[in-house]
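Below are two complexes that have subunit A in common, paired first with subunit B and then with subunit C.
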Partner chain A sequence: MIECKLKKELSAAEGKMMLAVDFRLQKGDFVVLYGNSGAGKTSILRMLSGLLTPENGFIKQESNIWFDAEKKIDLPIQKREIGLVFQDYALFPNMSVEENIYFSLPKKKDKKTAEELIELMELGNLRKQKIQQLSGGQQQRVALARALARKPKLLLLDEPLSALDHSMRTKLQDYILKLHKTYNLTTILVSHDPAEIIKMADKVLVLENGKITSTGTPISIFSESKLSGKFQFTGEVLAKIDEEVVSILHILIGNNVIKSVSAKDEIAHIQKGDKVLVASKAFNPIVTKIE
Partner chain B sequence: MIWESLWLTLKLALTTTLLLFVIGTPLAYWLSATKSKTKPVLETLVSMPLILPPTVLGFYLLIAFGQSSFLGKLLEDLFGFQLVFSFSGLVLASVIYSLPFMVHPIQSGFSSLPVHLKEAAYSLGKSKTTTFFKILLPNIKPALLTGIVLSFAHTIGEFGVVLMIGGNLPGETRVASIAIYQEVEALNYGNANTLSFILFVLSFSILLCVYLINNKSLNRIVK
Partner chain C sequence: MNNLPGKIKHIKNSEYLSEVSIEMENNSIFNVFLVETPKTASYLKPGRKINLLFKETEVIISKNLTPEISIHNQLKAEIIEIKPGKILSEIVLKSAVGEIKSLLSSTVLQQMNFAESQEVLILVKANEIMLSE
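Showing the complex of A and B:
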């Protein structure tokens, strides 16, 4: 279990902001920090990892104290047993894929977990490659394997997928979930993407101006105050085909293309390439189990 | 005499470069990482030799370490050696004089590394020392090479500061640049020409090597 209470004044673009949060995570939780940029998400990760020192509060991991302002305890990042993954991967360019992963091992001997991770992340064919030769998705897989090779107690992911394109993101999300389950990790992910959050998280902490304004399951957070029994998706218009009275929109939602029929003048302002919100009442839809 | 002065020049350049590498690398790292308020002052001091006439530097070193000065006396009494008009004095002056040529490239090398690189290594349980030697230094090799070569080349080209503090003692302080000056004074244009030509070719080849190597490592990264 991780328990923390953090307080620190941060200087943001719009002046000073007081970050004050208080939360606890159970072992095995997959928690997402959600909020606008500048809300303090990354600062929280940096405080948990030991890269940023809070002014006040404490961080406890089981019975270990990582930080306590009153007792003047501030365990250095090296001793906190965390895995940290950044948006820019931060792989070491002077090392090959396999050297990057081995580098994190405390002793040269124990390569078992590292080998297991290379297998799990399907990096076997790439192990001798230089980092510069890898695609973004491949690099992030290496970074994940590297972060986990020393079996951290807490995995911190700072928008790890936002530099990747959609299909790569989906794949990487599956990899992350696989890792989370295989190693029974406690994971904190910073993310902006509701679809990603609904897919991955057990719990969402919504941050606004340095405060946690709501907590809950992704479904409860993202469907709050909306009608029950409603579908709502965001997508991109691929094509608009005008018929006599109606127009048919081809919309890409996730990996699926759907067709929607609307009255011509209602969607006159929508063009090909527009980002759109598709919503529909969902009373009595056809729901079939896929075998 | 030509070869003696050339050998002395090389010895001075090598010693200076080696010392500068050992001093300059940690200093460059500190400058690239610090948020200290003394940083601008230190940066100014490091860069001063770029604009200061070498005679000014030489003059103050002469005053500070001359035989009548406190420091000069102390050194002579304690260790029995003299900085002024000696090879050690030349090394000291050269280290100060070439400092920016070592520190600047390495400092910008460190600054150009993504900060996450260091943080990732720390998060993997690696100490600051391990991170420095295994991650940071290997990833700024072109910058290190540039620093080393520029310092070496700059020390070869030194004249004013050597003249001020070292004088013109054969085998001790008469480096190639001084020897050229003296040969010209004595109207021995032949000797002056030989020395000048050797220095010219030497400097050209050294710099060419740097550019060739740096372009190559650049290509490797791009590919």
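Showing the complex of A and C:
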């Protein structure tokens, strides 16, 4: 569990702003920080990682204190068990893929972790290539592998996919989810893309002017007030079957599997494993009493 | 899903239900029933831009351009493509407010003798349309 209470005055574009947040994340949570530019999202990530010192408050990971203003504890970045990935990949351009990953290992002999990450991120064929020869998506895969080489407890992702095109984003989202699940990480992602957030996150913290103004599931944050359909559920696509002009989705909602028919082109981008919103009008369902 | 832009023109409501009139880009009016009222949904305001969403399976096509029928929302359109299937077929239509698709029975498609560039009337029931901001 990560528990934190952070307070710091920041200089934003419109003058000074007081950042004051208080939140608690469970192990395995995938949380998105959502808000306008200058709301304080990146500052929160920087405080969690030790790159920016809060004026007040504390950061606790289980029983480990990373920061405590009163007790004057402030662990340096390398002692906090975190992985960081930014929009720019910040890799060593002259090193190869594997050199970049091996360079981050806490102990040089921890080869097993590095090899596991190379396999998970499907970097085997690229391992000898220099970073500068790779595409943006490939570089970001290396950056993710490198961030996890130190076996962090907390993964911090600051708009890591915003420089990539749509199809590359989708692939990288899958890689991030795979890492998150494989290592049972606590992950905090800064993202502006509701579709990405609905697909990836369990929980959203909405940030405005340095304060958390609402929290909830992605669907409750993005859909309820924005779509008038009264029948709204989130589910996971178990199967997609194409039949001529339509596709049939089998969707797991809670413990029930439902089926939905859509025009094939409309749901061409939806695949097995995707999280989806299922919505219908309140006028459509038939309700019968169960004896 | 069909997605057409419009602007809320007028809202008539009872305690729990509303009938929202939406002005489309060609000035035609679409009506939508909601289990919401301006009190419960902040977006229900005259002048507000809104998108109308409805499934392809809810789009009815009539060859008679002036039918006497109880479906409120009616719009002239031209068939631009027909994609026949065994059970269901898809018809792509061009209207003054945008492209609309309809999924219908392949048997009906044959019986009706629909053809590309034919002018038809599209009908959508008010209770089948969702609104999205």
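Definition applied: the second predicted complex is superposed on the first by the 225 of 291 C-alpha atoms of A that agree within 3 Å, B and C clash if a C-alpha of one lies under 4 Å from a C-alpha of the other, contacts with A are read in each partner's own complex, and residues count from 1 in each chain.
The rule is short, and it goes like this: a residue touches a chain if its C-beta (ideal position, glycine included) is under 8 Å from a C-beta of that chain, and two chains touch if they have at least 3 such contacts.
Keep in mind the model is a prediction, meaning the values are calculated, not measured.
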Partner with the higher number of touched subunit A residues, subunit C or subunit B: B
First, second, both or neither for A:259, with subunit B first and subunit C second: neither
First (subunit B), second (subunit C), both or neither touched by A:86: first
Contacts of A:49 with subunit B and subunit C, given as first, second, both or neither: first
Which of subunit B and subunit C A:78 touches, first, second, both or neither: first
A:27 touches, of subunit B and subunit C: first, second, both or neither? neither
Contact residues common to both interfaces of subunit A (with subunit B and with subunit C): none
Of subunit C, residues touching subunit A in the complex: 1, 32-36, 41-43, 53, 55-57, 83, 85-90, 101, 103, 127-133
Residue ranges of subunit A touching subunit C (in the complex, touch as defined): 225-230, 243-246, 261-263, 266, 279, 281-284
Sites on subunit A touched by subunit B in the complex: 49, 51, 76-79, 81-84, 86, 88, 90-94, 103-104, 106, 132, 143, 146-147, 150
Complex contacts: residues of subunit B adjacent to subunit A: 114, 116-117, 119-127, 134-135, 138-139, 220-221, 223
